[in-house]
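Both complexes shown next keep chain A, but they swap its partner, so chain B is in the first and chain C is in the second.
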Partner chain A sequence: MSAWLEQPKDLLANVGEGAKFSAKIMGQVYSLRVLRFLGEALRQAGVLITSSTVVIWGLVFIIGLQCGLEGAYFTRSIGSPAYAGVFAAWCDLRELVPYAFGYMMAAKVGTGIVAELGSMRISEEIDALEVMGFDSVLFLCATRLLASWLVLPFMYVAAIGAGFFASYLTVVEQVGDVSSGGYLLIFWMFQNPPDLLYSLIKAMSMATVIVLVGCYYGYNANGGPVGVGTATAKSMVVNLIMVHLIGMLGTQLFWGANPRAPIGG
Partner chain B sequence: MPFIPKRRGRDDDDRPETEDTAVHPTAGSGRKDDVAVPDDTGLFVDPDEGRASTTDDTELDLPDDRTEDVDQRAPLTRLSGNAEESRRESSAGTGGGVSVVREPQAEDPDDEYQWHTGIRRPTGNPDAVEFVETHKAFGRNKILRGLNMGLPEGMISMILGPSGTGKSVCIKHMVGLLYPDDGDVLVHGESVPSMGLDHLLGMRQKFGVLFQDGALFGSMNIRDNVAFPLRQHTDKPDKDILEIVDRRMDEVGLGAAWDKFPNELSGGMRKRAGFARALVLDPSIVLFDEPDSGLDPVRTALLGELIQEIHQETMEDAREKNWPHMPAFTLITHDIMTARRVSQFINVVWKGRIVESGPADELFDSDNAFVNQFLAGASRGPLGMN
Partner chain C sequence: MASTVVNRVFDPAKGALEEVGDMMILAGKTIVSAVRPPYSYGDEFVHQFLFALRLCWFPLLVSTVAFGFGAPGLQAANFLVLFGALDRLGGFFVLASIREFAPFVTAVVLAGVAGTAITADLGARKIREELDALQVLGVDPVKSLVVPRFLALMIVTGLFDVYALIFGIFGGIVATLVNGAPLGPFWATFFGNASTTDLWGSFVKCTLFGAIIAVVCSYKGMTAKGGAEGVGRAVNQAVVIAFLGIFAFNYVFTQTLLATNPEMLVIK
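Now for the complex of A and B:
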């Protein structure tokens, strides 16, 4: 019986440890201590832009195509193809763009952080930083979080643009059941600036959690290369769960009580 | 000559030579009440392991042929075998013999620590780093088990010992990457475990550490690696920083390879680059974690010479600039040839405790069978595969 109790106890302990670690990193960013290493934060921002932007935009573009296709065929099947923009607007902005962004962040950025910090841990680079008198959490983790906060809002808004453009291409240019003006009228009618803000909040919450989870697993990796691999896999699992959890809670919170749809006046 | 744990009278002039010259590692630590100390009878009294009391005019009944090898704690533990007998003697009202009062012990460390005399032969220099009764365990695995060790200033010290005996753990304790479960670690007299984070980060700047594989940052070329601590910790202009960096890189023979990344370097070059980075802030304590691992004998010898040269230069620098503490270089290694060539002071560690320590010349002449075996690299002796 005690063996059965051990697992949830360990899980709780790990969650607590992760939360404490994350709070420390957030504290270092909010207190602006991270600005001691602004150069490193900007370097990380550069790495994020050059290595992840295109792949995130690419994935979101494909998701936008899918939303457009589903919207066009569904509204055609119920005899209202002019309303394809409703489906595209909601699908893109509220759900699939944040999810696609979260998936790619987890797969590309999250695992990248775990692998990089984990390798630094096992090759004693983190120890070297510490013995040179640096706060390694500040230097390695807080700078990454600041970099993601600096870069990702812009990257995400641009990704939304890519998704919208892809849906437009599919509905108007490929399927062609609705004119450009008709599509855009409905498309913009069913969304407004607060929706964009909520979507951004959803995505940035996902990104923050992904960076923190990546830092936690990478920084605390042990057991050599196998340990780094295990930590990477674990972080991916946790990140995917967290992305869906945040997605669900965000939808519930922002649009659950009020769908913000101009239907029935 | 090892410490002879034979009880002697107070006015006995014929004390073993080591009692005059050797210093117990805890001496001067200011913790005499907490740790094992020899009483005036020559017995060691360890408050953690029970207490022994003897009458003034009695002598321990130990076989002479065994006393040569017995450590400070051993008399107590050996006595435990005779304790019942002694107690019977006392209770029988004979008035003679030794009366030993001892707590029952879960395990008998007789065999484990019979070679650990713990003798510290004096150097006359203060210690840059001191371990005081340090204990550290990882889960059930006890690594340090009451380690008392000092690394004197102004010397190249060496921590020698079999694999898995806690040598690298010692380095991590010195720089505060690990904290002891019990006991203390002092750097220039300051307790590392009691330092706050900012104090600790400041204290670490006294150290330069060469890790086993250099621990260079993979995202930077070696010049940037070496310049990194200077750029972060000083306000020097980049021109001055590069001047210092280039001088250090020339010293380690990497002047021409400044633009290479760590993955483009051989193991030896990475070590040398790590060495340059360790020295760049002019640290007063430099630690080398197995600098010879993975190197061929010639490169090992050259690295040893380099360490000696740089220690000499740093000593001269320290005298000129009147540093408050003379530079202490410490190597952790298994390599006896390196020990013979480079070391000025040796600590032999085994099973988480000091076996013996002292100036290298004296330790190479030690009578201790374990020290002899280890420093000779012999297969026969107390140390086996287990």
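Now for the complex of A and C:
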């Protein structure tokens, strides 16, 4: 009996620890104490831009191709290929670009943070920081969160652009059932600035959770070099579940009660 | 100056191409060694199969229900309700779930959960020099470690596709019920539009995703280097490459399937 209860108990304890740790980091960013290490935050922002942007845009581009493809064939099958833009607009902006962004953020940035902080923990660099009188959570985790908030909104909007471009390529250039003008008319008709904002909110919530999860698992890694690998793998499980849950909750919240479509009166 | 620019552009490209080539070689070696006797990898295969099963069932359940309810469920239901045609949601789920998201959500979860575990495990063995020790003992690491993981992950990913289908459609059912509609028309249009081609396409795609994940993650684990940071970095790179590989393959496969089987596009 007690063995059965052990697992949920551990899970709850871990969730609580993680939430406490995350709240601490968020507090440090919101109270602007993180600005003491603004240089480090800017350096992390630079690392994020140079090492992760292209990969994230690449995955979003491929997903955009996929959306366009399914949209073109689906609307062809219901006999209205001119309306491929509806499918592409909703599929790209509302659902799959945030998901693709979340997947690649988890894979590239989240596990990257765990690997980096974990190896710092194993080689006792974090303890060394503490001994030198640095607040290690502030220096390592809060700067990373601030860096991601500085960079990611812009990166995400550009990623949406990559997805739109890819859908255009498949629907108009590759499958070619609809003219360029006809596609773009419908495509832009079925989205508006609030949709973009909602999509951005969804993606930024995913990114924040991913950075916090990465910091938690990396900062608390233990058990030698093998431990870093295990912590990296574990962080990925949590990240994937969170990305999907945030995606679903975002859809329910922003579009659940109101389709936001220019149809009907 | 010009040569440094050229080097900056071409060296990473060359490195990436070499890595892809090495992965292809590993895939070839794995397949050859899987079919050539002796078949000594049975125990490890069962072990890996159960390991992936135990690790992935819960994340996959949450992911597929959430994805099925949110993306195709709510959004498509919203659209169809405007036309008073919510019964068509079942037909849409054939496209959304069977053809598209069941395989790729399965692959993403398997790569993120089982794939990372494989890389972490093999990477740890590599830097503790266990792989070298195996070779010294005359045991082939490809046959004893990679082949069982390759086969187990292929089969597990293929089978998990069924599981993802069931729970993805469950998400669609919830979306229908949330809109206060009866389920009969959902099932009627779902089974009316479902075709065997869709189903086998989904399975084949998902099984091949499993092969991609297994090869990439085993390769990255077996070539991990550089101590504590090395294993973590290997996991990081493995999951990035696996995701890119999965989605690029998904695009090519779906395009080929849709273009060569026009009969599955007919709405019934």
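Please note the rule applied: the second predicted complex is superposed on the first by the 264 of 265 C-alpha atoms of A that agree within 3 Å, B and C clash if a C-alpha of one lies under 4 Å from a C-alpha of the other, contacts with A are read in each partner's own complex, and residues count from 1 in each chain.
Rule of thumb we're sticking to: contacts are C-beta pairs under 8 Å (C-beta built on N, C-alpha and C of every residue); 3 or more make two chains touch, one makes a residue touch a chain.
Predicted, not measured: the structure shown is a model, and the values here were computed from it.
Trainee: In the superposed arrangement, which partner chain does A:Glu95 touch: chain B (first), chain C (second), both, or neither?
Mentor: Only chain C is touched by A:Glu95; chain B is not.
Trainee: Look at A:Ser123 in the shared chain and tell me whether it touches chain B only, chain C only, both, or neither; answer first, second, both or neither.
Mentor: In the superposition, A:Ser123 touches chain B and chain C alike.
Trainee: Looking at the overlay, what does A:Ala107 touch: chain B (first), chain C (second), both, or neither?
Mentor: second
Trainee: Is A:Met132 touching anything from chain B or chain C once the two structures are fitted on A? First, second, both or neither.
Mentor: first
Trainee: Is it chain B or chain C that touches the larger share of residues in chain A?
Mentor: Result: the larger residue contact count on chain A belongs to C.
Trainee: After superposition on the shared chain, which partner residues are touched by A:Val55: those of chain B (first), chain C (second), both, or neither?
Mentor: Second partner only, chain C.
Trainee: Counting only touches as set out at the top, which of chain B and chain C does A:Ser31 meet: first, second, both, neither?
Mentor: After superposition on chain A, A:Ser31 lies in contact with neither partner.
Trainee: After superposition on the shared chain, which partner residues are touched by A:Asn192: those of chain B (first), chain C (second), both, or neither?
Mentor: In the superposition, A:Asn192 contacts neither chain B nor chain C.
Trainee: Considering only the contact definition stated at the top, list the common interface residues of chain A for chain B and chain C.
Mentor: Touching chain B and chain C on chain A: residues 119, 123.
Trainee: Could you pull out which chain A residues touch chain B in their complex?
Mentor: Answer in residue numbers: 119-120, 123-125, 127-128, 130-135.
Trainee: Across the complex, what residues on chain C touch chain A?
Mentor: Residue list for chain C touching chain A: 55, 59, 62-63, 66-67, 69-71, 74-75, 78-79, 81-83, 95, 99-100, 105, 108-109, 112-113, 116-117, 119-121, 123-124, 127-128, 227-236, 239-240, 243-244, 247-248, 250-251, 254-255, 258, 265-267.
Trainee: Under the touch definition given earlier, write down the residues of chain A that touch chain C in their complex.
Mentor: Per the stated touch rule, the residues are 55, 58-59, 62-63, 65-66, 69-70, 73-74, 76-78, 86, 90, 94-96, 99-100, 103-104, 106-108, 111-112, 114-116, 118-119, 122-123, 224-226, 228-233, 236-237, 239-241, 244-245, 247-248, 250-252, 255-256, 259, 261, 263-264.
Trainee: Over in the complex, which chain B residues touch chain A? Could you list them?
Mentor: Touch list, chain B to chain A: 172, 175, 177, 197, 201-202, 204-205, 207, 209, 211-213, 215-218, 228-229, 232-233, 281.
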